[in-house]
Amino acid sequence: MAVQPAMPRSWRRETKPHKFCPGCGHGIALRVLGQAIDQLNIQDRMVFGCDIGCSLLAWDFFNVDTVQTHHGRTTPVIVGLKRARPELVCVAYMGDGGGYAIGAQHLVSAAMRNDRITVILINNTQYAMTGGQMAPTTLPGQKTETSPYGRDPDMTGHPTQGPEMVATITPESAYVARGTISRPKQLHKMVTRALENQIAGRGFSFVEILATCPTNWRTNAKNTWKFIEETMPTHFKVGELKVPEAFQAAAGGEGARADG
Amino acid sequence: MAVQPAMPRSWRRETKPHKFCPGCGHGIALRVLGQAIDQLNIQDRMVFGCDIGCSLLAWDFFNVDTVQTHHGRTTPVIVGLKRARPELVCVAYMGDGGGYAIGAQHLVSAAMRNDRITVILINNTQYAMTGGQMAPTTLPGQKTETSPYGRDPDMTGHPTQGPEMVATITPESAYVARGTISRPKQLHKMVTRALENQIAGRGFSFVEILATCPTNWRTNAKNTWKFIEETMPTHFKVGELKVPEAFQAAAGGEGARADG
Amino acid sequence: MADFEYQQKELKRGTFTLFPGLCKGCGLCIEKCPKKCLGWSETLGVYGMPAIEPINKEDCISCGVCSTVCPDCAILVERYGKEEKKKKEEH
Amino acid sequence: MADFEYQQKELKRGTFTLFPGLCKGCGLCIEKCPKKCLGWSETLGVYGMPAIEPINKEDCISCGVCSTVCPDCAILVERYGKEEKKKKEEH
Amino acid sequence: MSEKPITGEKRVFMTGNEVVAWAAVAAQAEIMYGYPITPQNEIMHYWTRLAPKFNKTFLQTEDELSAGFTTIGGVLAGKKTFTATAGPGTVLMQEPLAMAEMMRLPVVVVVMQRGGPSTATVIYSQQEVTLTTFGGNGEGFRIVYSTATHQDLFDYTIKAFNIAWKYRMPTFVLGDGYQAKMREPLTMYDPEERGVELVKPEPYVGLPGMPGEERPPGHYRNTYNTEEELNEVVNDHVKAYEQIQNELPEHDEFGTENADLVVVAHGVVARATKQAVEALRAEGLNIGYFRPITLRPMPDQALRAMADRTKKILVVESAQGQLARLLKESLYGKTVEIVPLFRPGVGVTPEEVMARSRELVA
Amino acid sequence: MSEKPITGEKRVFMTGNEVVAWAAVAAQAEIMYGYPITPQNEIMHYWTRLAPKFNKTFLQTEDELSAGFTTIGGVLAGKKTFTATAGPGTVLMQEPLAMAEMMRLPVVVVVMQRGGPSTATVIYSQQEVTLTTFGGNGEGFRIVYSTATHQDLFDYTIKAFNIAWKYRMPTFVLGDGYQAKMREPLTMYDPEERGVELVKPEPYVGLPGMPGEERPPGHYRNTYNTEEELNEVVNDHVKAYEQIQNELPEHDEFGTENADLVVVAHGVVARATKQAVEALRAEGLNIGYFRPITLRPMPDQALRAMADRTKKILVVESAQGQLARLLKESLYGKTVEIVPLFRPGVGVTPEEVMARSRELVA
Amino acid sequence: MAKLAKIMIAGEGGQGIQAVAEILAEAAYEEGKHVLYIPNFGVEQRGGVSVAFLQIGDEPIGSPKFEIADIIVALSERAVGRTRQYVGAPTVFVYDTMVATGKVELPTGAAKVLAIPGVETAKKELHPRVFNVMIMGAVIEATKVVSPENAKKAIEKRLGYKFEQDPKLRELNYRAIERGMELVGEVLRGGQG
Amino acid sequence: MAKLAKIMIAGEGGQGIQAVAEILAEAAYEEGKHVLYIPNFGVEQRGGVSVAFLQIGDEPIGSPKFEIADIIVALSERAVGRTRQYVGAPTVFVYDTMVATGKVELPTGAAKVLAIPGVETAKKELHPRVFNVMIMGAVIEATKVVSPENAKKAIEKRLGYKFEQDPKLRELNYRAIERGMELVGEVLRGGQG
């Protein structure tokens, strides 16, 4: 075999290049997820659910059983599936619009019930697929198609602190973190833990991922990095918010090191 | 005029006795609200929105413009109204099912946007109007029609900590409290503040009220009191969770005293 | 708007008024009375169940708790003013 | 499943492989290279935009950052093993 | 659990909601996901009581959207999953059902109609006919059984599971508040003992083997990038439905041969019309009775044949013409007069039907 | 704001979504509440850009349920409030609309149809006809205008506000993805300058005076305790609709007199059919054109008259018979053959219509 | 149509109306009759009048509700108001003497209108708790749709577990049935119809 | 039907296809023509081929999409694949010489199939940035639906603010139009149709 790209085994090569735009953070997030799947060896007992929003472009992304659902409804589909077949490892993958706006009741309800699923939510500060409207995560002053003069927090609120909310409403056995595609190693640890926590039957596992959307941010590569590495973290604190004891015990002093 | 019952002026006497069951906590909650309306002198610039659930029985309760909406949808109706006419004082009155289950996306979104409305939510630990099903607030082990063997928190989660959640996602200018119909004076202060905070244009104002439902609890008067005064507070902490500075400044040392 | 019928009792420290047409017989007041002076009445309340009345009249301190916990505003407790109190005491 | 076409360069510390059929020309790698050794290539990527290539080949330290930030797995960086390193150095 | 919930034939007297719960158990349904709404609540109440005994799963979801989408999740997992709803819940349920239609998923939904529009009443109506037959966005294909008796509720709930899984289409049992809440006798049975084969559910995900290596991965979607792609899929569905369209229709009729009048009604109203027609026939009037059991597909052929041999049709419903609309579509091209007796949101009594029928044949 | 957004007649070239935003401004709409969905997004985009200039209000809500219910809130407050949606959003919008129907609230909704069922495509279809005309639970009464050109979009958006507030009923402008996204010329104008009176909105709440003392309180509900109460309310609505039913229908037709064939289509497809019919008539064929503009109520009288003088009808739609169903109801009792040309989810070209028409008159 | 008894019982929420109808329905079902029972219900859990529609006959029963009842038992003022529309030529209308006939208009045009001192009798002679069982007796006597024996069996089935603990309760219930039958018997014989 | 030009331009997301169509549409509209322009779009923001449907005529325009185009300009391999179904007897099919004709089948049955060295010319003689404006020139020459002057005016309207800052840009754009016209003129004269 000739030299081949270093794609995770669980990626479906026939559908690559994938359908995301140039520079899209979804690609990195899904590489990290793919690596975690490989590492945990769960490709053949996984279900990947993607939402409407750019996440739907991943409907044939993995060599993993995949269901592309409705806008905001991936959480309930995956909850229904997981409860029917608890032996499967079930991931609900969605955008900030799907998770924090139209699907907020599903997210908070699944979190409060401590459903044993893994929710991965892509925070790109707006509705990407529909062309860049305001999202609950849009930053104060940020211009979008529906906040053309900049988001006014007095009228439309401050950016959603999703993981913070989820951490408040879940029990101790839940795992909650916020990662960023600009720190893939740290993100890898978070995604892995979010899967392990589900596999162990412990509880609801949630990772918000700060991700790039050069298309709707209308940024070149330089400003794309600047926005995700400098601007976004001033509103969204990256790190683990809730880590079940089991991890802390197992990891020992590793926590700090893995924070690559 | 002969001796007359001490109903608030804002109550509509023609529709009394009201439609709630014997011993229903809604009656006390609405008396407290009526008194606050009288005291703040806002009867003629108020809109009272009630949900589907037993709160709908209040559709003709007050001599106040009233809109009875859909299950879980009182929040958006009142948000739409308030934004259209900010000079009105707008109350969204709902049950724990309406607020924390089917309407959860509306509640968290209005809270995050810091909409200048007052939400009053009746926590009676179940779906009363439909005959006593489990609610997000049902206590662990509590028997309802859909948890006939007692609520199993492992499968269905722990009771929603609503005010705690709202407090996490609102800015400092929001008012958040949990009262109980068994302490009407304290409740009165909370409801009054929740209205004042709106009137001052400060922020989202939220009061959860622990309330009795002898019909679906299937309790006699003694056990009704016992459940609301002894059992419920072990899961739901009564008190103010978020008080904008303006109140603290104005009230001085009063905080403790008013806690009647 | 029709007035509500009422049953009034003059007690030691004040007047106790019940509006049977509002009383649903829930019993919350009976349980909450610190002096245990309320009980079931012969009169039927609005849903055809017995209404309440002060039975241990002597013990009532006109604290108003019963009326505060009544979800239906069926009880009115009015303490005598100084005037009335005096009058009572004089008798 | 067809193999991806590739352009391979042997650099100081390892092999640098680009798969033009995967490169969308986003430029994220160019910006992130700590040694600023990547630039636009004559080859067109999958969307008809220029792909990238190592231009300051000497500077590349085969750290792999570029491949880690590529959303499309278009870059493969392989460091030489001890054997290969030695061989290289001998030349 | 191998223990059979029902053995032999069993005469019982219960509410319609209880019947549905038992029928679901008899059909070997495994999961119910649902959200409370009157008048269907007791289906959940009975199901939750039966659940531990027969190893069934239940979750009360946060709303009907979730009830529908979790149900889809259960179906994808390969479990016989169902839900039940009514009124505004039926409105919300259209979102998940549209997805099930697009993806050809076998979802069973029991609808116990209540008054509409909006919250309206918690009691009764036949006003969810349009919604249940054609509720989604776009060309959805579904199957709708309208029941009239508790025996129907039992029989057709079992059938709904079989039909749904056989044809991979959302299938509805359309009852109403009266049926839900009333008690009457019926015979329960184990369908397999009666020789009815129960279609086994197939998992869509979580099959054995490494996806992409030992088997193709299941990649299920409801979104297409171009009009043409969608058109192709929809046309496939149209074709599939056309093929089964003739196997599905069911109806009940009598006395329609050269009738002066045929009374058409569905569901619980058909009971009143049947009673009325029988009484009128006993009086010697030449009046027939026709009840569509499937409302989608409608029994077109039988209806058209009936229309050819009758002088007039009286359509009776506890709604404002929702059945009449379906009828007119089925009967397009016929000229027989269709007379309405619409009582939106309230029950219809035999007396009313008799009075109106007498006027029409007088 | 007293500044007129449009003065005089103004020829412009823009997308349909932009037209709707301008028309809403011209109709003196004050508030838009909405949730993004392709292909209606740009209505919001333009509205938010116009908002500060003309002192308009906007909120992007958390979902379509909220968009519909906040819109109801705005209407209750006495403001001309509207929303816009499509596809799965149109499904969700039925819940608030059912409430508006029950309470007779004037709500204006612009629907830009996309492919269905489910998420399907973000582009185009005519598959939301059934949903838009009859989407709620129960007997809801509403008014639906189907537009074909940008001029229509402008004219009927303005009209929708007037009709909604005049009759206190939800009123729809039914467009589609093509109309939303395409650019063509139209003439914008200030309706009042043209002598069109703009109906003033009335507040339902927050009126002057102490409620219960100086005026009765506004007590608005959508729930009733008994079947009979509901029945009375629904019957009132039925009567109200019957009364206005003859004032509302609008249609467009030509060449239907003794035609060998009449091609019926609505919305953007009517453009292709018009083009086709004109071409065929130029060839000397005796073919007519009929376009219902109101889909609810349908132009029954005109349709029935047309059916009486034509030999055949060809119904053309980018859907699988949603218009045909409405037609059959309107034409019940007629025997003229109705031939389908259904292209669910994709556009229809004049060429297709011409080819099929030629076959039918050959 | 074959013999079909259309029965309606109406009262306040607390009066146990639906239990009566359910037990009667159960008894008739056990007798092999065709039975259809449906309670009314609305959004209010307790506020409204509670009404039971019960039909018992020899053939399958059609519509669950009916226009004209054969017998109506109305146990409160509001119940009288609520049931009036179901009164027709064949109707036997029974109401409790406690109903303040001054406040509410009694139906006209019924076959018979009978007042029975149900509430009073239950309170004085038996126990308020078995008021509804007494009413059941009254319905049995007025309609003859089930035998008193089967009614007792149905009660046994429902309350047997309580009777085990307190056999006096059984007796009280049985006496209530009988007393209810007598009440109707008395007024029927001396009826004011 | 009166004279109506059905134009289709297709390319990769970054090639600026929709801007060309919009400017042409604007120019034709300003000339008083009837114009209808609609872009294709799908769920992918960047992935798919970008296609513009443009109709320009003397009478109101019917359907926004059409079956057979009068002229098709396809600027990438995928664009050739995507537009093939719109080729008919009257179609002039123009493609860029960069398209690897080995990888993709060119349409058959068109009136003419022309290759123009657009990408190359833009890169070598002008600037890659004005590639799409050059294509606009090609379309103008092939269809004659608008005059080059009006096209320039439309560009001016759209990019005027940029030209103010950098007048050279204006010239570059104008030259691009002209060069595009020439390219088509050349192949049309020497055409391989």
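We call the chains A, B, C, D, E, F, G and H, going by the order they appear; numbering starts again at 1 in every chain.
Here, a contact is a pair of C-beta atoms (placed from the backbone, for glycine too) under 8 Å apart; a residue touches a chain by one contact, two chains touch by 3 or more.
Computed from a predicted model, the values in this text were never measured in an experiment.
Undergrad: Provide the labels of all chains in contact with chain C and in contact with chain G.
TA: Output, common partners of chain C and chain G: B.
Undergrad: Between chain B and chain G, tell me the centre distance in angstrom, where each centre is the average of that chain's C-alpha atoms.
TA: Roughly 40 Å separates the two chain centres.
Undergrad: I'd like the Å distance between the centres of chain A and chain B, where a centre is the mean of that chain's Cα atoms.
TA: Going by mean C-alpha positions, chain A sits 35 Å from chain B.
Undergrad: Per the centroid of Cα atoms for each chain, what is the distance between chain E and chain H, given in Å?
TA: Distance between chain centres, rounded to whole Å: 54 Å.
Undergrad: Calculate how many whole Å lie between the centre of chain B and the centre of chain C, each centre taken as the average of the chain's C-alpha atoms.
TA: 28
Undergrad: Enumerate the residues of chain D that touch no fewer than two other chains.
TA: In chain D, the residues touching two or more other chains are 47, 49.
Undergrad: Touching at least two other chains at once: which residues of chain A meet that condition?
TA: 20-22, 52, 56, 70, 101-102, 104-105, 109, 129, 131, 136, 155-156
Undergrad: Two or more other chains touching the same residue: where does that happen in chain E?
TA: 38, 59, 62-63, 88, 95, 99, 118-119, 121, 123, 222-223, 225-226, 347
Undergrad: Per the touch rule above, enumerate the chain pairs that touch, sorted by label.
TA: A-B, A-D, A-E, A-F, A-H, B-C, B-E, B-F, B-G, C-G, D-H, E-F, E-G, E-H, F-G, F-H
Undergrad: Under the definition above, what is the set of chain B residues touching chain E in their complex?
TA: Answer in residue numbers: 52, 56, 70-72, 97, 101-102, 104, 127, 129-131, 133-134, 136, 145-149, 155-156.
Undergrad: What residues on chain E touch chain H, complex-wise?
TA: By the definition above, chain E touches chain H via 223, 225-226.
Undergrad: Provide the residue numbers of chain H that touch chain F in the complex, in ascending order.
TA: 1, 22, 25-26, 29, 34-43, 60-68
Undergrad: Mind pulling up the chain A residues that touch chain B in the complex?
TA: Contact set of chain A toward chain B: 101-105, 108-109, 112-114, 136, 154-158, 160-161, 164-165, 168-169, 171.
Undergrad: In their shared complex, at which residues does chain E touch chain B?
TA: 35-38, 41, 44-45, 48-49, 52, 58-60, 62-64, 88, 118-119
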